[in-house]
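Same chain, two partners: subunit A is paired with subunit B first, then with subunit C.
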Partner chain A sequence: MHIPDAFIPIWQGAIYWIIALVFIALALRWAKNEMNEEKLPLVAVLAAGIFALQSFNLPVSMGTSGHLVGGALAAIILGSPFAAIFILTLVLIVQAILFGDGGITVLGTNIINMGVIGGFVGFYSFKGLMGVTKSMPVSVFLAAWLACLIPALACAVEMFLAGTFPLTEGLVAMGIYHAIIGVIEGIVTVAAIYLITTARPDLVDIGVKTPSGA
Partner chain B sequence: MMDNKTFIIAGIIVALLIGGIAVFMASGDPDGLESTALVVQGQKDLTGATPEDAEIHEDLTGKFSYSSPMPDYSLGESFGSLGGLIAIIVGTFLAVIVVLGLAYGIKLAGKPTK
Partner chain C sequence: MIESLFQIERDANRDSVIHRIDARVKIAIAFAAIIALVAVPYSTMIYTVGAIFFAFFCILWCFTGLSPLVFVKRALAIIPLWGVIIFFQIFLKNKYYTTYDVVLSLPFGINIYAQSIEFAFILLVKFAVCISFIILLSSTTKMQDMLEGGARMGLPAEFALALGMMIRYLFVFGYMFRKMNETLKTKCFDAFDRHLSYRYRLRQLGYMIGTMFIRSYEQGERVYTSMLCRGYGRESFLFVERKSLKGPEWAFLSFSLLFIIVVPVAVWFGQYRFF
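And then the complex of A and B:
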């Protein structure tokens, strides 16, 4: 769901950029305060993994493909939505500048959708679901699914505001395609978190250390 | 338990494998956003296949345009899959370098206060 420059007028892109910069500043503060040296290997591996996963367009039928976003993965495993914003922002900058995947004036919009919305939805729905279901795989799967679907719906609304898509048609199509892509996102996120927690349980900050799951 | 070095190397190898497989296996169909654009422009049914000749109309008037050095994760037709692999390898390492570089930069900038 990388928005190209042609889809949003420059003045609207500028507004999204300003909002994105606020969250980027908060993500940098997170990096300064929370990202200790023990977490750096995980942050590096997540950056590589999320870049690679985003380059892999999987067929989702209906003449459509989709790739994973990785916002929920980064936020859940590093224990903060700002971790997702930190990593996704940098990955999106590399993609836009080097590969033309997503525009420049709309980069702020893409950061808001995949980093900010993806990170917050992924992290807080995981925490909430973990409290209710007490099941890590179920909570991760649903959180990752939501963190794929909701940014796509936000994207449809932005496309409507930009005059690029009509509202209902955009929401229906974006919703259907990303509900399917989200299933793959959910499965891969569960697998990735399982692999990482197996390899390095000490690095993982699932954020549910108390018995209540909070 | 893996040490840090093994963990980073293993992680980057997994990422490169995923990206490498993507070069050969990735679907050529438009992604969700592009598909939606084709649907709203009446070139594609919501659930139908994407026609071969479908093309997204982009209104570039008054909009910024930028040419990236490796558009669509490739080095152009003449390099084929090799170009795709090079693009993925460059991108994966660059993602790691940028993230680690910024992380260290922030840490160094924050040090003097201690």
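And then the complex of A and C:
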């Protein structure tokens, strides 16, 4: 899902960068208001953890690649979609600059997909599902699954707009594979949140607060 | 990826003319080269621009004192993943061409087009040369220097602070990952062993990820507590000393940026078209 340089024309990359910068500014506002002495290590360790999760790249049919995203995990643990944007921005910067995993001119696009879409879908679907199901594992699983699938579909649409991959084939390939990857993402997210809430309940802020920063 | 982290940092800790250049200069040159390459339209002129940029990269790499194998290994770890998408381009039509000539017809109505092959090569050249500059940057710049360089170039303080801590945790995660892998191996646990129930394997992996997270967090928390003891507070930010670029660094930066701008423009006007 990490689109590399050259796959999106420079002018489209610039548009995505501008949109991403708006959300990055909001995420920075979240960080200024919410990131206290206690939360900073959690934010940093979540970023490193998501980096590790995203390291497991799996090849997808039709040539695409799939991996876990982690947007829902960050948003749910820290209780805000802006936390996911902040954390995913850190992760994507390190991945792009150190490993060449995801491009520089398309960093804005990748932040929109995994941070903005992943974070918002993960957080609000979790909140909505919690209201309906009253079950934390079910809500977390479904939220993480959606937060993996929808950014992948957005990626396919962006590649189509860029003219580097046809829409139907891209949606089918990315959709099917990320629907499967999403199941793993859901299980991992449930396991991680369950373990953290059991071992260190003080660390988790399961969407109790309304998201600030916006 | 997390395993190659240690190798990248070892390469970055070596000493050479390129290693000693200020991180800001290397970041600016790498980013400028990538932006210039991406800005070149999807046309065959990228072959010339790409060849000249790659020659420039090779000259810089020679001064790093790193083996070409380091570059080849790292490139091979990145390129194949998206190389498959590039390969599939040969079967697809795109909006950048109006007419398509069939080179080869395959069963099930699949065709390979001359223009699609050309487009695939254009993508490959752009992608490969962009990746080369990222490999050069990360193989010759320590993470801490990169962070300080970024902070000096205007990276917001919140990002710089969190990135600094994240980089530390990355190594903690790396060590934890190794240790836990060894522990599982001594217990003869294999996640791909079909004799074990799927549920059991998933549970073990879930516990491994969660434990890795908590152990890394607690290790980091101890480091962080010691930071607090030494006077760290909410208003503290990463201290980055002001540092001016030296004369030779300015000269190298100016020459490189000029080169990066002039080459595509010159090729655009067709004066130095080699292919």
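In this section, the second predicted complex is superposed on the first by the 199 of 214 C-alpha atoms of A that agree within 3 Å, B and C clash if a C-alpha of one lies under 4 Å from a C-alpha of the other, contacts with A are read in each partner's own complex, and residues count from 1 in each chain.
Simple rule for what comes next: a contact is a pair of C-beta atoms (placed from the backbone, for glycine too) under 8 Å apart; a residue touches a chain by one contact, two chains touch by 3 or more.
Everything numeric in this text was worked out from a predicted model, so none of it was measured.
Undergrad: Report clash or fit for the pair subunit B and subunit C bound to subunit A in the combined superposed model.
TA: By the criteria stated at the top, subunit C and subunit B clash after superposition.
Undergrad: Who does A:194 touch here: subunit B (first), subunit C (second), both, or neither?
TA: The answer is second: A:194 touches subunit C but not subunit B.
Undergrad: Return first, second, both or neither, reflecting whether A:94 touches subunit B, subunit C, both chains, or no partner chain.
TA: Both partners.
Undergrad: Contact-wise, after the overlay, does A:32 reach subunit B, subunit C, both or neither (first, second, both, neither)?
TA: both
Undergrad: Check the residue A:105 against both partner chains and state whether it touches subunit B (first), subunit C (second), both, or neither.
TA: A:105: touches subunit B and subunit C.
Undergrad: Thinking of the overlay built on chain A, is A:132 touched by subunit B (first), by subunit C (second), by both, or by neither?
TA: It touches nothing on subunit B or subunit C.
Undergrad: Have a look at where A:49 lands relative to subunit B and subunit C in the superposition and call it first, second, both or neither.
TA: So A:49 meets both subunit B and subunit C here.
Undergrad: Once chain A of both complexes is superposed, is A:181 in touch with subunit B (first), subunit C (second), both, or neither?
TA: After superposing on A, A:181 lies in contact with subunit B but is clear of subunit C.
Undergrad: Answer with first, second, both or neither: which of subunit B and subunit C does A:202 touch in the superposed model?
TA: The answer is first: A:202 touches subunit B but not subunit C.
Undergrad: Classify the contacts of A:172 with the two partner chains as first (subunit B alone), second (subunit C alone), both, or neither.
TA: The first partner, subunit B, only.
Undergrad: So which positions on subunit A get touched by both subunit B and subunit C?
TA: 4-7, 9-10, 13, 28, 31-32, 35, 37, 40-45, 47-49, 51-53, 55, 57, 59, 62-65, 86, 90-91, 93-101, 103-105, 164-166, 169, 199-200, 203
Undergrad: Would you pull the subunit A residues touching subunit B in the complex into a rising list?
TA: Going by the criterion above, the answer is residues 1-7, 9-10, 13, 28, 31-32, 35, 37, 40-45, 47-53, 55-60, 62-67, 86-87, 90-91, 93-101, 103-105, 152, 155-156, 159, 164-166, 169-170, 172-174, 176-178, 181, 199-203.
Undergrad: Subunit C touches which residues of subunit A in the complex?
TA: Subunit A reaches subunit C through residues 4-7, 9-10, 13, 28, 31-32, 35-37, 40-45, 47-49, 51-55, 57, 59, 62-65, 86, 89-91, 93-101, 103-105, 163-166, 169, 187-188, 190-192, 194-196, 199-200, 203.
Undergrad: Flag every residue of subunit B that touches subunit A in the complex, lowest number first.
TA: 1-2, 4, 7-8, 10-12, 14-16, 18-19, 21-22, 25-33, 35-37, 39-40, 44, 46-50, 58-60, 62-73, 87-88, 90-96, 98-100, 102-103, 106-107, 109-110
Undergrad: For a test of understanding, state which residues of subunit C touch subunit A in their complex under the given definition.
TA: Touching subunit A from subunit C are residues 1-2, 4-5, 8, 31, 34-35, 37-39, 42, 74, 78, 81-82, 84-85, 87-89, 92-96, 123, 126-127, 130-131, 134-135, 137-138, 143, 146, 156, 158-159, 161-163, 165-170, 172-173, 177, 202-203, 205-207, 209-214, 216-217, 220-221, 224, 228, 232-234.
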